[in-house]
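Next come the structures, one after another.
Two complexes are shown next, each including subunit A; its partner changes from subunit B in the first to subunit C in the second.
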Partner chain A sequence: MAVRGVDPDEEKKSYGTVFFVGSILLVVVGLWSVFDDNITRRVWKVHQAEFTRTDYERAAAALAKEQERLNADPKYAELVKQRAAEVASLESGEKGARLAELRELQQRVEVEYFDADQEVKFVKSELDEAWYEFDHAVQLGQDAGPYRRHIQGLQAQQRALEPALEAARKKRVDVKAEIREIQGGVRKIDDQIYALEGDKRKWQRQMDNATVTVGPEGFPQFTLYKVPSIQQVVLKDFDRNNFDQQVERVDRCQSCHIGINRSGFDDLPQPLTTHPKRTVFLSDAAHPPRVFGCTVCHEGQGEAVNSLAQAHGNVKFWEHPLLEGNDVQANCVTCHLNVAGLEGAQVVARGQQIFEQVGCTGCHLVEGYGDIPKVGPSLRRVQAKLDPAWMVQWIQNPREFRSRTRMPHFYFEEGDAVAAASYLWAASKKEAEEWLKQSPMPEGYRPDDAAVVEKGKELARSVGCLGCHGLSEGEFTTRIAGKDLVPNLKDIAAKVGPRWIYHWLRNPKAYNPDTRMPSLRLSDDEALALTAYLMTLGTKPEPNAEVVARLEEPANIARGETVVRKYGCAGCHDIPGMEKESRIGVELTTFGSKPLEELFFGNDTSIKHTWKDWTFNKIHNPRVYATERVEQLMPHFDLPEEDIKALRVLLHGFVERKVPEAFKADHSERARQILEGRRQIQEYNCVGCHVIDGEGGYVRKYYEENPTLAPPPLNGQGEKVQANWMFGFLQNPENPIRPWLKVRMPTFGFDGPHADVFVNYFAALSEVEIPYVHVDEAKVPAGYLEAGRTLFSDDYFECGSCHVRGDKKPDGPVEDWAPDLNLARQRLNPDWIEKWILDPQKLQPGTKMPSFYPGGPEDILGGDEKKQIEALTDYIMALGLQPATAAKAEGEAAEPGKEGVEEANKQG
Partner chain B sequence: MAEAQERSRTIVVDDKIHTWPHLVRGEFLVTIFVMVAMTLWSLLVDAPLEEPANPARTPNPSKAPWYFLGLQEMLVYFDPWYAGVVLPTFIIIGLMVIPFIDINAKGNGYYTFKERKWEILTFVIGFHILWVVTIIIGTFFRGPGWNLFWPWQRWDPHKVVALTNVDLPYIVGLRDYWAQAGFGLFLVLLYYVVSTWLFYKWVIWIKGKEFMVRWGAVRFAITSFLFITMIGLPVKMFLRLVFNIKYIMVTPWLNI
Partner chain C sequence: MNRRFSSLVVPALIVTVTLALGAYQGAVAAGGNISGAVMFKGDVPAPKKLKVTKDKKRCDKSPKFDESLVVKDGKLANVVVYIADVKGGKKLEKKGVTLDQNGCVYQPHVLAVDAGADVTILNPDKVLHNIHTYSKINKPMNRAQPKFKKKLKVKFDKPEIMEVRCDVHGWMGGWIFVAGNPYYSVTGEDGAFSLTDLPAGKYQVQIWHEKLGTQTKEVEVKDGETAKLDVEFAG
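And now, the complex of A and B:
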């Protein structure tokens, strides 16, 4: 039998070499793991140590400099000298001797006082016990007599002891007071020195904060730089995980970015530098890091500290890598309802504006952007409006006709454009014919009369068309992302005919009840002249029977319906028969979190496979991912790169995230009103004429010579005017404030709800409630109206030299005229008038309204400026009491407002 | 001399040896090197964390724990009830009956391959080849959409593979439902009958008639059934991968 597996020499073998090699390896990898755990994976320690050193050194340098400054300060030097002299005098001489004596005495007095005090305390304690015994005896129904006597004995004892205690106390206080008095000189100087050393202490504190002192007390101690430690912020209730459970978010970013919320480190490189615009972003009113952490805005892997890539989340499987540059603004929209005008959110605000106005929402549904109206014109009666050949051309390539139109290019296949036009032509036929029946070619249309054309041109440039439309190449008021938001009319004759234009100008709502185009309340002659002028812009098309025939081919109409439906034309246009079409694009509510594998890159190999690159290129060239088999329908908007990036920032923010209310910015009714109002203002292009919330008033560029003839800016409007008046005026602005202006506030035909949106918007912007203003004349103090009238008069402020009052016009040139003060009672807020009189430049920089205060006249109401302003306001508010008819009856002789004043006085 | 030889033989034939140094010393050295390897591993490779679990978005591919990937791999070739219930049950039963069907007493208490060649080879086929290999395939070769990828290929989530698998009865031209089911059942039974006969011949050839007598009919039947069922897996894999055969037997209740 063979020997099975037993080697008799095994015991004699030495494995020393193997053991030695193994042990060495184990020691090496052991040390390596310690190094890895404390150095390699703890980069933040190096950064923090560097910052602590810099912090300390800067503070030390500043401290030295401060000390130098103090030393150079004669006052400080004098104080130091005085203090030294004073201290010296306490150490020797008469004062010194007395002080030493007193200190010795103080020790004795303290002992005396302690003894006396203790004796009394013990008696009191015994007394407490005696009272207890007494009460206890009474409660048990025993004889309390002995206890009472015991109490009385103790009370007598206490009384006997108290004088001695009082005497000891007094002695103690006296000695203390005397010592204090002797030292008083030094203390006084110390206080003065303390006041001068504020900055020094600050630097000293900063140095102390950067260091630790080690060593047991009583032995030499060492001051070392503070040991780096993890700096973390825990957000207990910010996040909910994918299972909708609350989870904590831990941000350790400040372990490296330790100087992020410290001023004065802007010059340091990353990660030690101070946050840009720290006081804006990190203030307690904004996002204090101790509450918000960092990743709420910046993303990244907040809890990771092992390496830069891990901390910034630039690792596989981390779903929220650090947002760099402007991308961080994507997160503004998560918490802020209104990003327009928000500092630091300019890019995402621009993206939002483009998204809302260029027509993205026509095809794409996004939560919160659902009720934005269609951006294109209604095609319900388009047959009555357009030249057929033009229509085909336009659908084929809109930018060929208008390079800055919002209408995108669809890259239609051969015949598709004609087909789409055919469908629209046929679908609008019925309603177009009805409209044409009611809107005949106007009589008296004289397109060949040069004078009429000239009058039309003059009107077009003055009455307000320019507020929205351009009339020649390059002319525009409101533009976004290189797009004219309102068509430029330089070629208008190629598109539409005089019949349509005339009726459109007279009453746009008759053609399209939902149009944004307002009525300028043109007279017949004015409308005819304007039509004649507009028909000179561009080449008139010849009637083209061939095109019409093609449009009426049934095959084209049928194909057109498919084309119109497929490309989602109804997303932007109102098309008969397609009222219920749904959006054809993909919903974008959570587009920002779309994983890469859900993005189709087609066969293009030049585009990097990232969300950012995909999105940029999709907007830049929407058909770039199309392949032979995968069709793409999104049209080309031709946006500048900068704007595509802004849009991308907005899209990046489209993620589903439930942020708790506590972290959200203002989401009140107010904020909602502002958002709604802003959208409506964009829709009706109010900013074309008016400056609103610091933006807009683009038409003012045509009034550079005479800005007072331009439409007024509406800053602070909510505070200025009465809500009732504004509500009425918006619905029917037929009685303008400044009737002498050539430019007219158009009638937009707003209904109640629309007007309400504006009123709420202005009130919310000015942060005022919508008050019901009632001026009670009975409460106007006696003499105020008279005083106001005097101030108003030509002897003082000469208000009448600019302000119109009903029919009484100022003498000066029209450019100097100012709003009708007889309307003030109905229109203005008295509180605002007071602010306005006090400082007009503050409310409206650049206004020609002169400022009278401070420096009002001495002889009215005792020179009290506040009272004068109140009086003037009361007088102005009383002006409107005068009935217009009465003023007419009295004629020019009547002092405007006088009757109102008298009437008011009578009531008073 | 002869006596000394005799003594030394006695000592050697005694199977017992001391744990020290024969076992402990070796274990200690192995421990050192294992610790070195594990420390290095943990230093160089971080824990493979993936994205947070999300009930709304399952990962692609969705994989079972690695030790179940063999099972998941079997699901590619068989019905869930067969690959997920029947086969695992047979595996467990098979492992349990090994002591009863294995009558080769050789190798007790010592290592030997020569004396247990066929017993060990059977286990190697079942465990190392079928079970471990399917785990390796499932772990390293299955990517998004449970498609096969070579290790050097990118796991493309959009990979498209033509779906052309057909049932065997359909290939031979049967279109009638019951005819297909009957034909399938016939084939499966035929597989068992023929295989059992071959297995019988093979055992006789390898081990001899005497062994078969000692083994007995019951033990033979159980072993042969389990072995044939086990071999059914690679057979089906072969048919699927080479001939695109989806199922051999198709009935409304179960497919094989």
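And now, the complex of A and C:
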């Protein structure tokens, strides 16, 4: 049996010290926890209190200053004096006596009125009761006669009382009105003072907002600074949890950043300062912080308020740390469909341009960027085009030949480059030979005739080549400065021969049906001259049988197929036999939220382990993370640092986020049309020649001496021209509006859907419905056509002094000519013509077209300028009817044409 | 009686004082002048004849020459001499001026006008002109002046030197100098200029020519004296 042992020594032990130490510790820890919870973790309280104090003090100072200013204002002082005098006059003298009398009277008439009113009310309630009894009796089938009589008696009573009530009411009103009139002087002065005190009230309000008044009414009250409180914005359904359920986002940033949307605190340090671009980003039309909070753009951990690091999300495993500076623009794309042209989104828009145009989408899939066409030229018939030795060199190092090319550097060793070329050479053989059969060396090609070369040079610089191509080092007319989006032709002879060039110039689509190179509708002579000139640019290669032999080796072809496939050449180029190849790079749709753990840094220890550093270095030097074991394929694009940073901002915004409609910017059909149109404009480099939406027209730099000979700017085009005209013109621009220009609108060979994209784009930009314009001459008011003709004529405005009308050309040099008005009927929107005549400078600043109004003649249409402008518009719209009719409308001898014109002429 | 007298005296006094003050503001009681001539050193090319390319009947009445460099005996014409910043001194009179287009040429070639003053533009040519200013400070203007509008009145509110051209007749070009203060002078064939009644002080005098650019000279003006300033442009 076990015996429970008793240890007497143990019994005698004292634990007093342990308990004592323990309780001391408990007290300390307790105090510390209170301190920690209320002081150290409540930094925002300190910030808020500081801001409130500053806010109050500044308002008080401003108020004092304002009061000083008011006191110094003689008008204000005079008003105060007047008011005092007026008040004094109400307290004594004649007016004062009358006022006192009236006040006394008012009390009396109020009582009188109340009594009279009361009496009538009593009768009325008795009447209600009587009516009830009457109705009740009728419903029960009893004799209602006595009740009716009772009612009639009461009604008579009411009628008898009413005059007294009316008299009492009138007296009351009269007395009130007289009092009001006597006090009117003061009120009037008060109104004037009120108008002067606007600023004073503003500061007063600001002071009131920064304080609270405590204490019960009627007792001495205290004014204290406002107690700091959590400033919280809740964004309903903004986020999704891991189960794809919508959850709220809580944003408490403004608990510290309390002055973010208050003007005039720019000088305060963070977190109290005003947003540096407050008017752009925080306006009610943009992202008012009371609705959007801060984290929608800036990320961070919105709920956290305990410490700076936590709130800014700079803690381990928080996936979206604070974005600052340009990085914030990454988030523009989560809500905005169109960032191009968006104020404050320049960097991300630039990143987007680069991403779309240098070929990233060839290898990487990103949602919303899947439809972008391949950026490289088709290699389907490349054997017919290139010099074989040049091709090998190009594949090995493209930038050695063209420093600004988009084609990236793959760091191929010579064997791989030869192999890739061999495959492409072999794969294109069949189609190349077919094309060559139909495209013989042109007869009459005279490369040695200096006059022909000179003519070619003149053509190259005038007909429109410069709208896209550079012809010498550093020349370019595309949007991105870092890369040539269209080849520079300074060395073209080293690459291609005259036979290919000639046929390519005459009909680019015959060589490659999908090319974006347009036809300039060159005549045979022109194409020959241009070819001769282009062949003088660069050194012609010697035929190299050795290289050809290497390219035709079967082993090289087989190796080449592997190389071409492995490096994803078909991502950018159309290659026979590789039409179905998929993109070889990783999908980047959610790359922006890729956690650090998933980024492979290789063996390089010099790069900081952050998403930003990884991404920058990957683009800067794509093979930087390669190790002996892990191969990397991405080629080197040689982008300037600034462009890499812009690209990184865009990539940062590639996150999976389903923003609810309520927070999204414009995603309408119109916005989509603008996006689609912008991409197509980029693809065909329309901005090389034309200013569109305030940007582009890069070719204009060659026309500084005579800007009127440059291609026209297309601002406001959607409003200006008829949609069906534009639709037709884009498909076939052979009928030029400015026939005197040497530069030609090329034929891009757009099909209906492509032309439609442009028409919709311009209509959406101008915010017009696609206007279908129907002109009905019968509806032109009588005499308008005749009046328009007179105004148009050489006796008045002399429009023909500059404007072409079909075959009728103006005097003087061509650079002073203006567009053909015979085309107006088909082309222009009459509403636009009216606006244009009224104020051309407003629609197109700097235009040669002068404004004729105000200043129309007195003797036409009664001098009514609005009518004159309408008449001119009607006449211009009638000009293009038919040659005969137009001539008639001009008042020259001609056969009668359309009825409307004839009619109008008779009446006029 | 006494009272009546004072009721006459007070308004009279006010009138006198006002007049005196007005006179004080209008003219400088004591002041100095700057005067001199603008010279051109270098080879003077023979004036280029302008080709009249349209409306010959109206415009080709007399031969026209390029006026962008007019030199006679080494003296340079069409130079604007002005001081941009003067404190006090004379008031701007805002006197109206005329720009004539007779025979499709601007006369004068360089027009000086006070800011805010009327410029009357004449068109006796029986042909359409337009007045297109290439201004950067004033709002650019491009007004048509059809033949029935023989006079056109315009105003320029801010000091600026701007080119004016007619888009209908490519050869027509001239300049308008809009002055912010009355201290300016445009040289004629003798190249001479003078700025008068300047308050004493140091000034930066600007000498502008459409082709040869602007020179700046510092000149000190003393009361009652005329400071001499000769300027030379090299071709």
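Before moving on, here are some points about what is shown:
What we mean here is this: the second predicted complex is superposed on the first by the 836 of 908 C-alpha atoms of A that agree within 3 Å, B and C clash if a C-alpha of one lies under 4 Å from a C-alpha of the other, contacts with A are read in each partner's own complex, and residues count from 1 in each chain.
The rule is simple: contacts are C-beta pairs under 8 Å (C-beta built on N, C-alpha and C of every residue); 3 or more make two chains touch, one makes a residue touch a chain.
In this text the structure is predicted, and so the values were computed from the model without any measurement.
Of the two partner chains placed around the shared chain by superposition, subunit B is the only one that A:Gly30 touches, whereas subunit C remains out of contact.
Contacts of A:Ile480 after superposition: neither subunit B nor subunit C is touched. Judged by the touch definition given at the top, the superposed model places A:Ile182 against neither subunit B nor subunit C. By the touch criterion stated above, A:Asn241 is placed in contact with subunit B alone, subunit C being left untouched.
When both complexes are overlaid on chain A, the residue A:Val624 reaches neither subunit B nor subunit C.
In the superposition on chain A, A:Ala671 contacts neither subunit B nor subunit C. Contacts of A:Gly22 after superposition: subunit B is touched, whereas subunit C is not reached. Applying the stated contact rule after C-alpha superposition, one finds that A:Val768 touches neither subunit B nor subunit C. Shared interface residues of subunit A, touching subunit B in one complex and subunit C in the other, do not exist. Put simply, subunit A touches subunit B in their complex at residues 1, 3-6, 8, 10-11, 15, 18-19, 22-23, 25-26, 29-30, 32-33, 36, 241-243, 317-319, 595, 597.
Of all residues in subunit A, those touching subunit C in their complex are 795-798, 801-802, 810-813, 815-816, 840-841, 845-852, 855, 857. Those residues of subunit C that touch subunit A in the complex are listed here as 53-55, 127-128, 130-132, 140-144, 146-149, 152, 167-170. Residues of subunit B touching subunit A in their complex: 12-13, 15, 17, 21-22, 25, 29, 32-33, 35-36, 39-40, 42-43, 49-57, 60, 110-111, 144, 157-158.
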